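Look at the two complexes coming up: subunit A is in both, with subunit B in one and subunit C in the other.
== the complex of A and B ==
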């Protein structure tokens, strides 16, 4: 009961998302007010449901990779023997973030072709920085006295990692993952420019055809998806 | 202060131990033998190498040269995690895990040693009682809910959890207010009288060293300058540095703080015995000479009555006896 209670906000956003996703055609009247000159008012090349699912899959796969790689790298360089690589990893993650995703896509297409794969690569690169940075900050921010006594009591490196470092860094790491995932939900839309099926499809189609209604439909669903996932993380962090 | 037993076997041996950090020598060829059951205090100014010495004993810092032996075995030959689980460790910042309850913190080393859960629970209750912490109130609390003194008690309990023979304490009471510090010092001495652990205790506070130590080891610039009992140091400081640590002109009072009134009082004749002492102008036989002198100064008197623990009058202390030791011991 209390679990449902705590999930009230994310559930509300999810409900709104699903409702809009399924009942978009019923809103034709509303969109006519916005774009009275267009003949088609509802994006129809794909169902919104399948676009939402595909969009989520892309972001999910990319985020999972970013979490594994990002946390892994941050954990490795905070070990005694990995410290030499700490500056390097920090810089690489920053570069990933400063590189515009569009540029990554443009560079990835000749190598990886069109579709989902280059999109995922771009999203992983783009999502790494918040995860790496927050994992580093979270682990390095632990009270040195706690680390010293953990070693002094005879805990092994692995025990210290799992029982002390990760639990204590958890809120900060989660905040990094939250930022990364939320940003990537918005960023994934540009995958549509190279043939990945995402909620960017209606937006691109809208831009190409001068159809504001299409753009709005894609943007609305992306925003709701981001809000839904973001509030889910918020609950997770409070736990 | 516990009596020193010269015949006790040596448990910790440092043999020409040196620690270099790059070009700097933090600890310079020190040799030290600590007998079982001794409370040995390393004292010195910051940067003198006392903490480094302590941390070399449980291999938190590896020594660069020389040998450290525990029970005759070189510590380099023992797996470092197993070594540390055998040695209690308490530090100034307590290092309690903030995400664990008091009970879980205390049970850390027994858990690492894979004791059965029931035995760990029993040991945690025992230690909470030993450190004067009510189990119902404290077992489920988190470190941030504790006062400084309570947290340090939990830190000591955690260090004692697996009943180690050796306890290393790095300025454990350094961050506490004077009153709490004093009560924890008394507590540790009381515990030590019962448990007879071998304790290596680091502090920069000479008063703490004088109060706690069976033996004081004074360190300066990575070397041992002098070692001996509190009385030995006060009687004959090896050099000006030790003398200044001992408080220079306050030395007389520090020495008085180590002397019990009973050693200087004149006992009552049997005929005088049995009366009740006047409240204000009396001291207990177990009080320090320093306290007695303070009372005399405050009240402007040159003699005090002396009570025993039950409040019975047992003797009198004259200023002249307090100041100059008579040859005839009472």
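== the complex of A and C ==
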């Protein structure tokens, strides 16, 4: 299969996303059917393109931090000298998962103020856990015999990490990153309640003004964004 | 090994040193208690580090006692600070919890977790310790010494609303878990009967899961408002566009995937030899289900209930945005007024409830597994 062929599904979703993002104003007639009573039918405080870009930026930065920190922590505690921290990190990861994202978001505000920074921090914290857990599972799930033979071949610790452990654990780690990013695309919308500019803005404006059209516009774009990224990861995992 | 254990216990403890309380005026430990208090805290840390140096069982037990004592004394230290810093006449003065306090709490809890892990205490002892810590906190609250805490001031300002919100939040979550458990059990049973149903159901449920909660709440507003306007008896039941109805429906929709998946997997995973043996013993299909399959599936199903409940507790907070009430109300009110202690009043109980429910269900599932393990050994 050629590269483009393999990327067909994510590309289709992305195309749909971009089309909808740019042509939303042209769809006024459709939204009039849904919300006939409202005067304005298209969210206008920001262009959808800028909201999508901002949303993606927040999620991207947060996910990048989460991947670096999460994989780093998981790799550290699976080394010989870091093994003592293993139960602690594993337990922290599972406890952190029980923290509701809204509460994390709300608690980040007193420390970091309103806006994008607390949103990113909350997203990083929330996105860390699936990555840490899956990296741990992936590395620990490697057949000990494989590790033994790698060591027997005279590979150094660094070589084993890059050429044996990470490639073998790749599917599981990717699955963790996929969960983390997908959750964060949906969670980032809540960032709008603390003043970050995301696709949650139209949704909140819609809830406040009782305008279903606004809500639908935000929700549609978020769902498309999630589907697009999710199918991209699906392709990556298949490789 | 010894060195690593020292770092595990020693490093985070040392980093406590910039100990600050009350960022309002930025009172540090030094300015609160003078050199004596600083020396006492440093001594304590040194003792812990020294104990961690040789992680024998006795040293670990001793440090567990020390850490537990510190945690139990933390609220009382606040009582003392409050009594000393605020004059009796100042009724509106309040004490905020500073970054140092939270850092100290976090590190102590981390150490507690690590020590409990290492010592592998019996569950009874674990719960006893937790209960003792909770009791100490409760006693400090009851003594009235913490009333000048900003958090407590917010609480006293709206204690009736707080209790109502707490009750409401718990009720909503309990109703969601109950209803989705019933629905999920029905779905799982139906999927076992008609296997063609499986693929469709799971794909519908996982698409539901990708819709952001905020959007799902919002999208339910209009249809429900329309229905309520159309059929007045629905409105009489309290089903309106705003309120508990959209929150309830959305939460059940989100709960169905983990609940159904776990129920299905749990029922499906029971080894066929076991059910064959039961049938061979002359049990009827009904007996096989109720006396063999269901009990064996229970731990995994409990896991599903745990995930669902924890998720619902957090999502119910978001539902406050669409007027569903609950503890989330305080979070969004506080964010709107930039009153951070009001945010805490909403967020802290939510986190506590989530942790409590998580621990409770994990312990229950663990207990069940253990009981079954024993049963196997005997049988």
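The criterion applied here is as follows: the second predicted complex is superposed on the first by the 238 of 239 C-alpha atoms of A that agree within 3 Å, B and C clash if a C-alpha of one lies under 4 Å from a C-alpha of the other, contacts with A are read in each partner's own complex, and residues count from 1 in each chain.
The criterion applied here is as follows: a residue touches a chain if its C-beta (ideal position, glycine included) is under 8 Å from a C-beta of that chain, and two chains touch if they have at least 3 such contacts.
It should be emphasised that the depicted structure is a prediction, and the values quoted were computed from it without experimental measurement.
J.: Once subunit A from each complex is brought into register, does subunit C clash with subunit B or fit beside it?
T.: They fit: once the shared chain is superposed, the two partners occupy separate space.
J.: Looking at A:115 after the superposition, I want to know if it touches subunit B, subunit C, both of them or none. Which is it: first, second, both, neither?
T.: neither
J.: Touch test for A:171: subunit B only (first), subunit C only (second), both, or neither?
T.: Touch status of A:171: no partner.
J.: Decide which partner touches more residues of subunit A, taking subunit B and subunit C as the two options.
T.: If we count touched residues of subunit A for both partners, the winner is C.
J.: Quick one: the Cα-centre angle at subunit A between subunit B and subunit C, nearest 10 degrees, please.
T.: Result: 90 degrees, to the nearest ten.
J.: Applying the document's definition of touch, where does A:200 land relative to subunit B and subunit C: first, second, both, or neither?
T.: second
J.: With the two complexes superposed on chain A, say which partner A:148 touches: subunit B (first), subunit C (second), both, or neither.
T.: In the superposition, A:148 touches subunit B alone.
J.: Touch test for A:159: subunit B only (first), subunit C only (second), both, or neither?
T.: first
J.: In the superposition on the shared chain, how near does any CA atom of subunit B get to one of subunit C? Answer in angstrom.
T.: Checking C-alpha atoms only, subunit B sits 13 Å from subunit C at its nearest point.
J.: State the interface residues of subunit B toward subunit A in the complex, per the touch definition above.
T.: Going through subunit B, the ones touching subunit A are 58, 60, 80-85, 89, 91-99, 108-109, 112, 155, 158, 168.
J.: Report the residues of subunit C in contact with subunit A in the complex, numbered from low to high.
T.: Result: residues 1, 4-5, 7-8, 99, 110, 113-114, 117, 210-219, 221-222, 241, 310, 313-315, 317-318, 321-322, 328, 331-332, 334-335, 340, 343-344, 346-347, 350-351, 354-355, 358 of subunit C touch subunit A.
J.: For subunit A, which residues count as touching subunit C in their complex?
T.: 34-35, 81-85, 87-88, 91-92, 95, 98-103, 106-107, 109-111, 182, 185-187, 189-190, 192-194, 200, 203-204, 206-207, 210, 212, 215-216, 218-219, 222-223, 226-227, 230
J.: Provide the residue numbers of subunit A that touch subunit B in the complex, in ascending order.
T.: Against subunit B, the touching part of subunit A is residues 143-156, 159, 164, 167-168.
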